[in-house]
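Both complexes shown next keep chain A, but they swap its partner, so chain B is in the first and chain C is in the second.
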Partner chain A sequence: MSDLILQTKGLRASYITHLYGIDREVKVVDGVDLSIKKNEFFGIAGESGCGKTTLLKLIAGFCKPPLQVQAGSVEFLGLKEPMSLFEATEAELYKIRWRNISYIMQGSMNVLNPVRKIFKSFEDFAYPHMLELTPAGFKQRVIEHLGNLRLSKEVLETYPHELSGGMRQRVTIGLATLCSPEIIIADEPTTALDVVVQRETLGLIKRIQKELANTIILVTHDLAVHANVSDRIAIMYAGTIVEEGKTTDIFDRPAHPYTQHLIRSLPRLGDKEKKGYLKGAPPNLADPPPGCRFHPRCPLAVDRCRVEVPKLELKKSGTMAACFLAE
Partner chain B sequence: MINAFTGLWKTSGYFRFGIVAVVFAVVMVVLSFFSPYKPMESYAVAADAPPSLENWFGTTSRGQDLFWQMTFALRNSLAFGIITALLSRIIAIFVGMYSGYKGGWFDKVLMSVNDSFVIMPVLPILLLLNFLLRDQMNWFYMSLMMALLGWAWDARLIRSQVLSLKERVFSETAVFCGMPTRKIIFREHMPYVLPVLFSTTINNLLWSIGMEVTLSILGLTNLNNPTIGVVIFWANQHQAMISGSWWWVAAPVIVTVFVFTGFYLLSVSINEFIDPRTRLRMKGGAA
Partner chain C sequence: MSETIELLSVQNAKKSFRLGGILSNKEIIAVNEVSFSLFADKPDILSIIGESGSGKSTLSRLILRLLLPDSGSIKLEGTDVHAMKGRKQELDYMRRVQPIFQNPFETFNPLNRVDEFLMATATNYFPGEKPAQAKERVEKALQAVGLSLAEVGERYPHELSGGQLQRASVARAIIPNPKILVADEPVSMVDASLRMSIVNLFQELKNTMGTSIIYITHDLATAYYISDRIAIIHKGYFVEQGDTEAILSKPKHPYTKLLVESTLDPRPGATSLADGEVSTGDEEYLAVGCKFAARCPRAMDICRKVQPAETIVGNWKVRCHLYGENNAS
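Coming up: the complex of A and B.
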């Protein structure tokens, strides 16, 4: 028995629209293989528009038009039998959602319906998945759980706008962790917060992860956050994973040129050197460049990079990188 | 509930006015059941008497007491308006919410039906139908007809709200949690749509009664059943304005204006009360 909890194989998905005879296909996720372990804090980093959120939606098995899966699979391995999320029926998905996989969506401050009291949101979202509890038992459970997150039970009778951003964030985290799911998927959970609240929130997520010994998949473009909390990270560029490995390895010995530039661009204490930058912009995903998607901006690119797509391979540095030139 | 009532009563002038008007309307409706005269009974009192202590709203040229006639008129008009508004709300809520939420071909089909109703010239159609069906026409059929013609604008309004709501994170989370569509629509989105719904209900009530008045003044409804429009029709028939019995026109107009202003203000104050954003505004926070 492996210690994996979730695995994607050759995942490929696009946003496909047809309008007035114009077909548009935006290839947002292209050939992603991820193996996520039990009890790990897995980070996904990348710039805006590189497909992070889409990848998360696919991992959550939450895919609706115009997003279409074209190839590959996502398997959830937390049950007795591996479960393919794209082949499962709605009823099967319903069973594992929130119980086994919960998902804090981007803009997590707005997960709570602004015109419903907090407890109503708990009832709407979580209670159908915890029907073994009586309504009173459920309320008790929610109160205890929020107490763990240092929220008083009065919070339950308020509307979201009456809470501060940090409190709302904690309520959202409480909502996502109430059923102790094996996997918590969090999309930019700290983006709208200042660093103090950010630190507090991350500490909370980390603590919950330790207590529940579950897996957290965290997406953010903020590498400092990853450096703080993630055990392993994957770097995404234009819909593909360009590098994946232990956080320390990636920060110390990045193998892929994109990662190298990314890490080099981070400010460090006492560092007076002027930061360099890469010319150009990420490619248009409706018409991505052939070969390695990074080659138009890569200072090291050779002819091979323009034709062939590099595979993610183990490099000397100890990380997996998709680059012909890295050793 | 009682707390909410006393709170609103203390703080909102709109609410007080609204409650007074509603109480007035209810009293009128109740009184209609105790009227000493039949609704259209002629020469029961002295004809053409101006308002006095004995005949509060005056009397008509046909010897009817306008106060008692108005109790019937208000009862019939309100019943007509409320039934119309409720029936058309049912259609508008279902079409607007489901079409906005489901999208795709479902939305396309419903909205093309919806738009056909929007562009239909309602008044000419009503005139024609009333003219054709005059003998079978009663107030219930008429309100059914008006409801069928009066939902489309509001359905579009509701749909536009839902279009924005369904893209929000809480809606997506609800979908992810496996909440059934019906629950998402009625639990998560309904509270948002409710204020709009209240004001469109009042609008629809006013619109349908206005239409009924128009049709009655043209003599196209059952003229032996007093409604606000029918009272005005008979006043016109007897040339009340020319003969100087202004009270015959004034009674229905003033009662209508009073009751409907009251209804409107009541709906405004209740809307403000149920909308949690109001609390924010009251405290001077961002809108």
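Coming up: the complex of A and C.
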């Protein structure tokens, strides 16, 4: 038995639309191989529009038109038998959702039904997956679970708008962790929060991961968040993973020029050094550049980068990077 | 006090909003007893730091004269905002104080071309000028932000990237040669790889054009990076203001300390992540005494009764009973 929990192989997916006779294909995820381990805090970083949320959707097995998978697979290895999420039937997926793979969503205000009390949301989301419990037992379980998240049981009888942003985000974390799933996918869980609440929420997510000893896949554009919670990170650029490795290695010895730039440009208290920035903008994924997708903005690009697509390989720095120039 | 010319002077500005329906008498004072100045001969980048709901956007609207203060005064080059009446004086104010908005995609009308929008701005502020002159002004503004008319071309907002568009919106703001730019969260919608380009741009504008910039944000790290002075706003009050370096390296007010502690350090494992009680600031606006007292680790009895006055401690102003015992009346 390996220590992997989720594996994607050569994942390639696009948004395909036919509108007024015009075919459009946006290649959002292009050849992504990820191996995510058990009991790991895995981070995915990237700018807006680089395909990180789409990748998460695929990992969770959500694939509805216009999103189409063209190649590759996602295997969930948390059950006795490995399960391929794209081949599984809707009924099989329903069984593992929430129980084995759950989701902490971005805007907590939009996740919770504004006209239902919090407990009703728990019943709507989680109870169908925990039918072995009696209604009273379920409620007891929810109260205990919220206690662990430092929320009082009065919260259950309130409506979402009565709670502060930080408390609402705690409720959605509570929803996602209630069934102790093997994988929790968190999409920008702290982006809309204030700094003080952000630190508390990250502390909470980190503690829960330790307690449940499960895997959290955290997606955020904010590298400062990754620096403080993730064990390993993958850096995405324009639908591909350009670098992957241990957080400390990535921050200390980034191999890919894009990662190097991102890390060098991070502002920090106590650091007044002039920060540079990259020229240009991320490419249009409907018509990505040939070769390495980063080459139009890369200060080091050579001819080879313009025609050949680099593979993700282990570099001297200890990280995996997709760059011809990194050693 | 040194004899310098005050460009913008805000004294005890206060703005309140009524909470609830027309029969409710609950009031929220969004901006309370705020005082600060910008000086004409010494352009400054002043960061105003606050969390959501701290009153920072209300303050920016007051400075832009989109709202008028209930009491206190806001003076631009000696003239009170209440005294300015009529279209001409309004335009005159707008020419000198310009906003930069948070979301560049909403700054521009999606149905209009960016260059047309910039041209319209130029003709609005300088009526009666020939199109060639307006074009020159637009070109100059675009050059200052590292773009050009040729680059922006005849394009619509969605055809430019977020970073380009935010630059174009800065260019729009500097067309009338303003003395003050008010930027409310200007980089929070811009991609990480382009964020620093906007932040560096503010520094350049300050150095080359002598524009003072009021940078309103929740992000201490970029504020530290660009600003000369900093003001921390909490529930309508400036709790601490002064030199950026001094305050952020040795914060005096417990709230500033909390903010500095909570700012994530982008080095692996450098920030300790607390998992304490969930803090909420919901009721703080209505609190009597110091608004931060309920969350403050060093709160005393007096804090729950009396709002502390702004006192000068060392080189900067703090509003906290821990430092102002003599002044608390």
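In this text, the second predicted complex is superposed on the first by the 322 of 327 C-alpha atoms of A that agree within 3 Å, B and C clash if a C-alpha of one lies under 4 Å from a C-alpha of the other, contacts with A are read in each partner's own complex, and residues count from 1 in each chain.
Convention: a contact is a pair of C-beta atoms (placed from the backbone, for glycine too) under 8 Å apart; a residue touches a chain by one contact, two chains touch by 3 or more.
Note that the structure is a prediction, hence the values are computed from the model and not measured.
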So, does A:128 touch the first partner chain B, the second partner chain C, both, or neither? first
Look at A:8 in the shared chain and tell me whether it touches chain B only, chain C only, both, or neither; answer first, second, both or neither. neither
Under the stated touch criterion, which partner chain does A:177 make contact with: chain B (first), chain C (second), both, or neither? neither
I'd like to know which partner A:260 touches here: chain B for first, chain C for second, both or neither. neither
Quick check for you: in the superposed arrangement, does A:240 touch first (chain B), second (chain C), both or neither? neither
Please work out whether A:209 is in contact with chain B alone, chain C alone, both, or neither, and reply first, second, both or neither. neither
Return the chain, chain B or chain C, that is in touch with more residues of chain A. C
According to the stated criteria, A:317 is in contact with first (chain B), second (chain C), both, or neither; which is it? neither
Taking the superposition as given, does A:194 touch the first partner, chain B, the second, chain C, both, or neither? second
Contact residues on chain A for chain C in the complex? 47-48, 150-151, 164-167, 170, 194-200, 202-204, 206-207, 221-225, 227-229, 247-248, 251-252, 258, 261-263, 265-272, 274-278, 281-282
Within the complex, which stretch of chain C touches chain A? 51-52, 161-164, 191-197, 199-200, 218-222, 224-225, 245, 248-249, 258-271, 273-282
Could you please specify the touching residues of chain A with respect to chain B in the complex? 60, 62, 64, 90, 93-94, 97-98, 103, 105-108, 110-116, 121, 124-126, 128-129, 159, 161
Partner chain A, residues of chain B touching it in the complex: 168-170, 172-179, 183, 187-188, 191-192, 275-277, 280
